[in-house]
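The same chain A turns up in both complexes below, where it pairs with chain B and then with chain C.
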Partner chain A sequence: MLPAAVSSVDALKADSPKVWPEFGTNEVVHWEYGEAAKVETLLRSAHRVVKVDLVNNRIAPAPMEPRVVAAKYDAAEGRLTVWSPTQGGRRIQMMLARTLLKMAPDKVRVISIDTGGGFGVRSKMFPETAMVAYAARQLGRPVKWLGDRAETFVSDYHGRDQINHAQMGLDRDGKAFVLKVETLLNVGAYLSENGLRLPMEGGGRIIPCGYHIPDFYFSVKPTFTNTVCTDTYRGAGRPEANYLMERLMDKAAETYGLPREEIRRRNFIKPSQFPYKTHLGFVIDSGDFAGTMEMALEHSNWAAFEERRGRSAARGKLRGIGLAFFIEGAGSRPVEGMRVRFEDNGDVSVIAGTYSHGQGHATVYSQLVHEFLGVDYDKVRLINGDTGTSPEVSNGTFGSRSSMVGGGGVKRACDAIIVKGKKIAARLLQSDATRVTFEAGVFRAQTSSVTMADVAAAARDPNKLPDGMAPGLDEYVVYENDTENFPNGAHVAEIEVDPETGVVEILNYVAVDDCGVVLNPFIVHGQIYGGIAQGIGQALTENIVYDAEGQLLSGTFMDYGMPRAGHFSHIDARFNAMPAKTNELGVKGAGEAGCCGAPPAIVSAVVDALGSYGIKHIDMPLSPERVWRAIQESRVNKAA
Partner chain B sequence: MHNFNYHHAADIADAALKLKVTVEPKLLAGGMTLLPTLKNRLAQPSDLIDLAKIDGLKGISVEGKEVVVKAMTTHAVVAASTDVRKAIPALADLADGIGDPAVRHRGTIGGSVANSDPAADYPAGVLGLDAVVETNERKINADDFFTGLFETALKPGEIITAVRFKIPDRAHYMKFRHPASGYAVVGVMVAQYGAKVRVAVTGAGPNAFRVRAMEDALEKSFAPASVANIKIPAGDLLGDIHCSAEYRAHLVNVYARRCVEALVK
Partner chain C sequence: MEYNVQMTVNGKAVSGKVEARTLLVQFIREHLRLTGTHVGCDTTQCGCCVIHVDGVAMKSCTMLALQADGKSILTIEGLAAADGALHPMQQAFRDHHGLQCGFCTPGMVMMGVDIARRLPGADEKTVRHQLEGNICRCTGYQGIVEAIMDASAKMHAAKA
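Entry: the complex of A and B
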């Protein structure tokens, strides 16, 4: 068996086996931000420096549906059709056509109507997609491949797998002013599409997260190992960034003898500082970080916690409460094509460049069209997931972007429809367009009115159109924005540890999220719940484990700990909505908030519960045995 | 899955005959272990002999001081049985906690016991409740039945027909579920029969075993404190990426004590 390098730490040792011997090292690149020397000097000048060493565990995205590809080639037409679940078919189409199969893009169609879970991993091109497409073309026969769960574990890109060493310098009053973060990223054996970028561009754009820390140095060393590649997984760099900041803040609270909420209060970016430019040049437009945290403290009854701790102690349990504040970056690459089309039967179609794979876009876009145009909700339908019908610009759905780019695109298309509609209505009503009003689906001029349906019908009849106007009321917009948005939130987890077994039970979970304007509370709550579930999975049960030879030991659901309903408590999800100022709907993404908030909240709570043992940190996942061992070790240390 | 011949056995004699005349036969009870094994091509029997249509292999009865559960009785039936609930509530609880509802409605006691999966619940019940495993050929005492990892005293061609549990004065079963699979990492059955106590453990070792030191201590004084300090050597126990042998040994101690606590409460 060939020697293997499995962890990033081991892979960087001089005598470690090289994944690519011709490259001479496993260090892919050393990527830095900031001035190392200045930050070192500032750290030396600090009243106190707090340090954390953290393992951000490798996890499997594990969508419910393994990968599937089917392809058919029509030799007479020279057309290739590929069916495969993906978060964005246009990219797959273009890579297949231009890069891999050297075909004209309009001869390649990718259809992806239903996708059983995205989570970032389904936004990627995988080798099997290309192989199946190639085989179908070469053989002239339909070809299908269906991955199973074992293949999902050993070939779907994994997430996270960072090792973070971070230091934060604070002044006499507990105000942080300098931050140094050194990150080792395990990229696996190859460079995946986005994996390399995640610490710096995914996480770095928001570090130091909700806090104002003027000086920052960031060192990222992506490292080759003999493992599955890592790439985007729900949160994609931001959960890791928030986790290290929150562990630092807890450490600072402990060092200064301050309550965990107080150290955060002293360091939050204040509302008066918005718009706030982050170190990597992104601009946070809005937020009420302190207010959001106060809401979470209030709804978790944080102040009265010690009484509850006592009640648990009487039952032999160690109760703990944990707090995490986080900030997100949502809606990256904010360009998307959206079309609103009036059908002959009176339906209105939203033809979206975004891809709905469980997010409920049909519900939300229908709501928006109903709100903007007064069209019956049930008459609106969503067309997406097929490069044959998608708008030319179709980036798909990832990074909590669809509310802003898709919703915003619907808004802009509807605005254009109303402008055009007023002109047509003016002619029908024998009035002037400037005197026509539009509200709730009705155009009015003085006492007469016509409906949107009347106008849509008239728009098809050249005789009823104002001079020179092209027929049709349909609109296509390419939504563009020059910024993304910055959701944020404060989560509080309350847990009990069984000190004899190390089992962590979640008793209560309060999530206060600022997702900007909430378009549909059921759907946003669903996103919050799902994100928290995945975050709790990372914190408590999920862990990809390799042995020293590079053999995957957690390759089935018998060995890989997917969280189950029994691992959760009720989640009390609330909003402190601060409308985004940088997009017309005021929305901020919601999809990845939960997995930013849950890991630090859970770890903080467990460490709080174990305070009497002098335990300051346990690396995730906080499995029963890990917690039990931490307790055993602290007992040994105390005895010694 | 590899190909195999499939047979319905009409009765036990028919099943025994088919076991004899086929090349590499396998009995099919609930199939909760066998079918996944076949699907993963980890076994390649020539013939599957399905016991599902043998009516005489199903049912529960109370006979004097014993509860008799026939081999093809599903876990769900045992869990829902008022006879079992009345006679040995710990056995009903054990059955009610096996796997998930789908497994409990397909899986059978005979299949579970014959498989001697180290993480199965029933072996702790069989051993802790001093059961006798009845086959088409003989009766085997629980103490002689589980011989190793997936190994039992059953001979080739032998078919379990029933498990005969002795009704205890009191008994309690508890298990610690595996963080990933949900199987028993440690499952402990503590049962008291007059002056005698049995402590049986599943999950922790290659097969279910009794902890004599705990039994002796409890026979002297049936109290949690009697077992609180009895440590189990980790050397012979199983370990995996979630639960090491050392941790399992510790859990045996905790769960045995908690069983006694539950019984004396």
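Entry: the complex of A and C
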């Protein structure tokens, strides 16, 4: 068997096996931000420096639908059709056509129907996609490949797998003023599409995550290992960033003897500081960080916790409560094509560059069209997921972007429709466009009126149009924004540890999120719950494990701990909505918030429960075995 | 060698030739083309393939087609009424946002019906425990648990 380097730490050792011997090192690149020497000097001047060493465990995205590709080639037409669950097929189409198969893009069609879970991993091109497409073309026969779960574990990109060493310097009052973060990223054996960028661009853009810390040095070393590639997984760099900041804040609270909420209060970016530019140059427009945290404390009855701890202790259980504040960056690559089309039968179609695979776009876009144009909700249809029909600009759904770019695109298209509609209505009503008003689907001029349906019908008839106006009321917009948005929140987890078994039971979970304007609370809550579940999974049960020879040990659902319904309690999700000022709907993304908040909240709670054992930290996942071992080691140490 | 199997699937008599090793889920999906029953793993963990065999929830990936010979099978396709009206469990999943991507949903719904049948009035903790064999990656289970409790109450109220 060939030698293997499995962890990033081992891979960087001088005598490690080299994944690519021709490079002579497993270090892909060393990226730095900030002035190392200045930050060192500042750290030496600090009243106290707190340090954390953290493993951000490797996770399998594990959508419930294993990966599958089918392809068919029509030799007479020279057309290739590929069916595969994606998060939007345009990128796959373009890569297949331009880069891999050297075909004209309009001869390659990628169709996704009911993608069974995305989570970042389904936005990627995989070798099997290319091979199935290639085989179909070469053979002139339909070809299908269906990965089983074991194959999906060893070929779908994994997520996270960072090692973070962080130091934070604080003044006498517990106000942090300098931060140093050194990150090792395990990229796997090859460079995936986006994996390399995640610590610096994904996470770095929001560090220090809701806190005002003027000086920052960041070192990122992506490292090759003999493992599956890592790439975007729900959160993609932000969960890792928030986790290290929250562990630092808990450490600072302990060091200063301050409550965990108080150290955060002293360090939050204040509303008066908005717009607030982060170190990497992203501008946070709005938020009420302290207020959001206060809500979470109130609804979790944080102040009365010690009484509950006592009740658990009386039953032999160790009760703990944990707090995490987080900030997110949502709506990345804010460019998207959105088309609104009036159908002959009176329906209105939203033809979206985004692609809904469980996020409820059909519901939300229909709501928006109803609100903006007064069209019946049931008459609005969503068309997406097929490069044969999707707009020219179609980036898909990832990075909590669809509310802003898709919703915003619907808004801009509807605004243009109303402007054009007023001109047509003016002609129908024998009035002037400037005098026509539009409300709830009705154009009015003085006492007469026409409906949106009347105007849409008239728009098809050149005889009813103002001179020089092109027929049709359809609109296509390419939504663009020069910034993303910054959801944030405070989560409180209350748990009980059974000291005899190490089992962690969640008793209560309160999530207060600022997702800006909430377009549909039901759907946003669904996103929050799902994100929290994945975050709790990372914190408690999920872990990709390789042995020293590079053999994947956690390759099925029997040995990879997918969280079950019984791992959770009811989640109490609430909003502290601060409308985003940088997009017309005021929205902030919701999809990845939960998996930013949950890991630090859970770890904080478990460490709080184990305080009497002197345990300050346990690396995720906090499985019964790890918790139990930590307790045993503490008992041994005390006895010694 | 192939064997004949006969069973009732969603109220209709069906038959087919299968190998001894053919799984029931393969028979349902590939022979009968009823693709609402999903396969999400190889190890009987995910529960996407749950169906009813003689009225009891079973993982159809863990049963041979031959073992279902002569049995009555209900799959997700057979759950709604003939006129298309959703079963109370399906309606409750819709009402409570009990699905997102939908891949685990057929198994969840079939399991939910089974839980409602066996454990009328089950509390939240019991329902969560009963879902041990069904994995969902999207919803965090909250809508699923609410849906099962709601539908269960409605199904038993309708019977009473």
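Please note the rule applied: the second predicted complex is superposed on the first by the 640 of 640 C-alpha atoms of A that agree within 3 Å, B and C clash if a C-alpha of one lies under 4 Å from a C-alpha of the other, contacts with A are read in each partner's own complex, and residues count from 1 in each chain.
Basically, contacts are C-beta pairs under 8 Å (C-beta built on N, C-alpha and C of every residue); 3 or more make two chains touch, one makes a residue touch a chain.
Note that the structure is predicted; figures quoted are calculated from it, not measured.
By the touch criterion defined above, A:Pro66 lies against chain C but remains apart from chain B after alignment on the C-alpha atoms of chain A. Looking at the shared chain after the overlay, A:Thr501 reaches chain B, while chain C stays out of its contact range. Judged by the touch definition given at the top, the superposed model places A:Ser312 against neither chain B nor chain C. When the two structures are aligned on the shared chain, A:His525 is found in touch with chain C, with no touch to chain B.
Touching more residues of chain A than its counterpart among chain B and chain C is C. Touch criterion met: A:Thr115 reaches chain C, while chain B stays clear of it. In the superposition on chain A, contact of A:Glu625 is made with chain B only, not with chain C.
In the superposition on chain A, contact is made by A:Met562 with both chain B and chain C. Where the contact sets of chain A with chain B and with chain C meet, they give residues 557-558, 562, 564. For chain C in complex with chain A, the touching residues are 38-43, 45-46, 48, 97, 99-104, 124, 127-129, 131-132, 134-145. Partner chain C is touched in their complex by these residues of chain A: 62-66, 114-119, 148-150, 357-360, 522-523, 525-526, 529-534, 556-558, 562, 564-566, 568, 570-571, 594. Those residues of chain A lying in contact with chain B across their complex are 500-501, 541, 543, 545, 553-554, 557-562, 564, 623-625, 628-629.
Looking at the complex, you find that chain B touches chain A at residues 176, 179-183, 240-244, 247, 250-251, 254.
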